[in-house]
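Below is one structure; the comments refer to it alone.
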């Protein structure tokens, strides 16, 4: 286990190095000058030159990248070009919101996904299965920017049951909880559908396994056959899907954050890209990638508990 | 916030409900903007969102009269102009910064020097580019000399980026996240990406505003913001999109304020390309684009005039309202036919924000109608700025908010030869025009300036160098519980006088 | 039917070994740890030597995992040899260049165990056979097709089977196709890796007969890998018994079955269920399982399960010796009956 | 003479047609949802191909005086948008765009993914390097990757297709690698090696066709994702150039009129949803038809 | 003679398939007595497993007993309620399967899986079940049973797993044990161990055993009586000595003639030509006739009835009614069928 973690951390560092290079490189070759984004349309060439010099943008690529890496190694991820705020601070303010949103969406996704998937599998080929399969597929098919707008229209504006946007209140207050509902549904629907699908097919497969027949041959009750002899085995691939989806959710909050006026990392990222705020882009991409890897590491560790066959030396 | 009367707003604030009799303090007032402030220091920022907040925290030496547009003293009490190059300002003596520091001549010098210092890399350093030297004459008198006579100098000083900051605060802390000014509101907190919170400055020289807590909230989707306005989560939004005006009008608890503005949206040609230097070509384009129809699409949020300098801008002359090539599809078709303009593909560059796409789509359709072969290229803002600056387009749409409301401030950056390669994205170069603009900038005689500007304006229209699509209308929509919003033609607004109805 | 036959005696006299293995070893590295470094080896084949004559069938028997398949693959060069030499007609053939290898590819072929996995399910069987000719000959399309049809007939299939997919055949028929593919290029040597194990007895018998017929016709040599001693006895001339990667005994088939020298061979023979109610073989049951080939026991690899093991077996590895003429074994107590040491 | 062995196969005689395709299709057609999906896709393809004939309008022609007409207006069955363009026409032409972009994206992505996955699965020594690179793409937030690519290449549908294709590579590579790893161990591959077949021949002729099933399913599902992503990027203003009638862009544009002319968002929204749904159900059906036990993740 | 445990009469098991209903077991009748091992042999796909699954009531979803009855200790069990069937499974009739790798749940400990039947059928507490479980593991010859209780299946070797399976099957003290090819996946030396174990347990516990295999060697080793199946039908049944020494059905002879004899160097193979027909195939008359070297016209038209040859030996073949069987066919000492003329492959000239 320790070896696994150590190795993954090692791989993560390599990965981050790769990603940072990729991001840095792509921002470098992307058209659009950070200086003119700071200077605005009125800035004169002299203003811009001044800003560029100030930000070190006139140095050669490798010098800039080297400087970035050097600082990053020391835990300094630079300062936003726009706000001059430290990248760490800028992210620290937004990350809790993104995390909150991602976790809430995941809860929605897992609860709906598992329930729908199990119902489908256990009532295989019934109308319940058909309905839930159809809904699952529809869930994956809805563009979430559209879903979000529709939800706002119905539940916030017309019915006024839930607030339109924001995520400022703590989640344990009634207000904060209400704020989470619509965005969590918007973001979680796709994942719910994927989890439902995976649960269904995995259950269907496991139900046919020899050891389930063994359990029946022993005279085990049908309910126990399902909950003890099937579910845990069926969950193994589902856990992968959950892990991957959680990773994707963390990086996929962009549109939801935009629609629901949530101050999160996703929005920070697109704004930063639009403003050519390199340090912010770097910082947030690295964060999301790290989280992705960490989540998958956790999934791998969870595996060892669910599936005793898996051993990492 | 919701007073005693019933409100349709589902409790947007948890402290809502506490009220007191009388004129009514406003416990919390929320404004929503679609993007976050870049920062809270006037010296280091140059964007309208930041300016909105800064306007409430800081003050400038001069300001514009909201109705007449005239420059009137604000922090300055009076000024003298002993010669063309010298400006002597008398500063009000009763002003203190929020941190208790008195505002005096030293503060002004400090602020301006900092703004000018190349090491600061201030984005708007060019505001004070003509300044040669700043000297403190006495506690409340400051003398500024310019390198050359500079006509729009006072307008520059009214610019929100020329607001006076507290030198003690600037040395002690980062004004970007922790601003200290002398305005009606005092900084409380800033959550990047989310909101800036201000509170009433009790020691404000004109008396503390009614709004006790003022929140600038970021709501990136304007539709969401409107929904929030509808549900009462937000009290005020500005820059209403023309597409949604009908919807906002239909909302019961919201009042819309409109005012003619200084901004101008226009079609520009890339004049560095010989094809575009063809006068007939520009004429054909101008004749093909039906600006009236377009302005009709704006649902009253646009002002139709050919004049490059709009009615609210210094330098405007009514006679230029129809001085450009009028819409004449037949003429356009004829010109296209005669000159074979349809043979080349014209790239229509546009940024993918605001009304630019709308203009581009309509213009493209109309130009196509006239026989041109136009391809729209939309770009995100950053790329657009670079691409336009480098002159990689045939036609584009540009806009100018003109915060200073001065014609020179429109012509010089946008169309003067000096600024090709930077803000002169049309790559326009015309010696005669340059001369007129220079004259308007260096003269301090306002009558004379008016004349120069009008001539320059005429020059542009005559040759269809600029095809004005519309002049902006400043808008705001506020919860109808409140009143006394001050909207300025340049898009700025002030909430310090807002009261409960 | 005129078959091109040479008698076995004639071949034996020629005394040119077709294939010769000398101390062939094949280890698979086990990777692990933080940097996935090699931490040990699975000693799949640990020093195997033998000679195979032309027209001869050599059986290789042993329990699952003892390295039979690996041995076969190593001979064909499908696995890189770890140590030792393989000679084919006196030429060393491991480490040959690609183009040099081509010659031997035609000479040496393989028939696989799983009739369901040994044919590409997305390829018509005819095309699969044509492909063999495409790779190694310059025949025209027509010639290739004719050759394939001949082949199909040769193994008891029909021309109409040319355009069918493998899933349309029964296990036995697929195995025939596998055989057709193996003999397409006129090889002299074929490795049959459990070629009949997966088949039903009735079909197994059909295929065994076919293999014999072909052998006689083309004077083929077989390396016949199997765990079914009955089949080996029926089919092979000599037998090599393997245990945990080691060769433990090699002898003519009758001799091995009549007087097995190695206790493992004895145990193996006594464990076979006889399809007869009259067989009265004294049973000795081996205790325990095959040890892990990654961590083989010291000394004689069989000592952990050997009923007659002594201290010496734990300490030193017995040598591979010729105890009788052409009868090799590796045991400190070769020839001793396990019945003596076992509690039957 | 001696008795001949009967080696008659009980199975039906084979037609020259590829039985694999036929039988898969048969099984697919048993799946009701998949049939619905196929019909939707067929309609879309027909719409895309016959666009100029099934509508008399041009998708870009504006009639400013007839803007925002509601559904079922005279001459405009689905109404008009804010520029007075016929919504039905734009939906029809939008089908073209969605399909072309998605097909391009998926094809490019498959190409990259199959090559990488094949090499990684087949050659042990390349595996680590390729898979690390794939991990890198994988850990990169999808939309962000697309945004960066578009920031570099510029806003256009082609670049959207490229961005989405790059985004498809890691998943595809993993799927292919997984199949290759298992197929590689099959005896028929061993058989080809023992016949002296070259690596290229083995990969292309023997591994690829057998790894095809999951690839086909992936491609179908990816079509769905690609359509959604194209729409999402257009929604963010990074995709289609106006006046291209891309569905996502139509939603984005229509959203401003959501309260006054909801059909401007609802119609393209439904169009996207139906199409994506169709590809998803067909993909799902294909998976079941090809191999019920296949695991796409 | 011991009491009859299991009686299966005219069992027909049907599957719903896309091609319509197919019969996998066609009118099969047999019985198993206490302390007796009945071996069912036949080629792959002939319906051995389905017969046994019909008995224990674990048919796949699309399968059903279409006709006939299954009686256990005189009581009909094929039409019991699902709940009654469940309680019967494991306590009256137990089953072990071919693949010890997949028949045990990989995510549950050996202990859990072993305790389960004990707790279900004997109402034991977990504690008691653990103690009894260890005893059972001991009984099936597993070393260190305490340790094994906490291990997972993948930590055991194939042979050990099969022993665990047997222990689980024995846990409910069943009267009848069904073993479906329990040694096919094992090596000969391990197979021998398991066969010994089953034999020993059968004697000790006085169980009836239904042993399914296709290996004639295994049959000879464990069987008391043998039932030979072909294409869903029973074609011959009798005591093991009868079947090996006096096989009557050409198919049985063919089976015996297909297995090389280890002890006989001169043995010649006599394969049965052709392959098993598919379930859907319509065959008139005797289902074996297309592969039968002695098929007569009658065989092609009429289904042969079952003949009682005495001694508990039954066969369904027209040949037994013909006196002239010996024409061209003899029986050697071993009882394997031989033919005067071999049936070699037709090998074309290349």
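Order of writing sets the labels: A, B, C, D and E. Residues in every chain begin at 1.
One rule holds for everything that comes next: contacts are C-beta pairs under 8 Å (C-beta built on N, C-alpha and C of every residue); 3 or more make two chains touch, one makes a residue touch a chain.
By chain, UniProt protein names: A = Nickel import system permease protein NikB.
This one's a predicted model, so the numbers in the text were calculated from it and none came from an experiment.
With contact taken as defined at the outset, subunit A and subunit B are each touched by D.
Between subunit B and subunit D, the least number of touch steps comes to 1.
Ranking all chains by how far their C-alpha centres lie from the centre of subunit C, first place goes to B. More C-beta pairs touch across one of C-D and C-E than the other; that pair is C-E. Taking the mean of the C-alpha atoms as each chain's centre, subunit D and subunit E sit 50 Å apart.
Centre-to-centre, using mean CA coordinates, subunit B is 88 Å away from subunit C. Separation between the centroids of subunit A and subunit D, computed from CA atoms only, is 23 Å. Measuring from the averaged C-alpha position of subunit A to that of subunit E gives a distance of 54 Å. Taken residue by residue, subunit C touches two or more other chains at 156, 170, 173, 206, whereas all remaining positions touch fewer.
Contacts with at least two other chains are made by residues 273, 275, 344-346 of subunit E. Touching two or more other chains at once are residues 5, 7, 151, 154, 255, 258-259 of subunit D.
By the touch rule above, subunit C contacts subunit D in their complex via residues 73, 76, 78, 101-102, 105-106, 108-110, 112-114, 117-123, 131-132, 135-136, 156-158, 160-161, 163-165, 168-170, 173, 176, 178, 181, 206.
Subunit C contributes residues 1-3, 63-64, 150, 153-154, 156, 170, 172-173, 200-206, 208-210, 213-214, 217, 227-231, 233-235, 253-254, 257, 267-279, 281, 283, 285-287, 289-290 to its touches with subunit E in the complex.
On the side of subunit D, the complex with subunit A involves touching residues 32-33, 132-133, 135-136, 138-144, 147-149, 151-152, 154, 224, 228, 231-232, 235-236, 248, 251-252, 255, 258-259, 265, 269, 272-274, 276-277, 280-281, 284, 292-293, 295, 297. Contact residues of subunit B toward subunit D in the complex are 222-223, 241, 243-244, 246-247, 250, 290, 293-294, 296-297, 352-353, 357, 360-362, 364-366, 368, 375-380, 382-383. Residue ranges on subunit D touching subunit C, taken from their complex, read 5, 7, 9, 11, 13-14, 16, 19-20, 186-188, 190-197, 201, 205-206, 209-210, 212.
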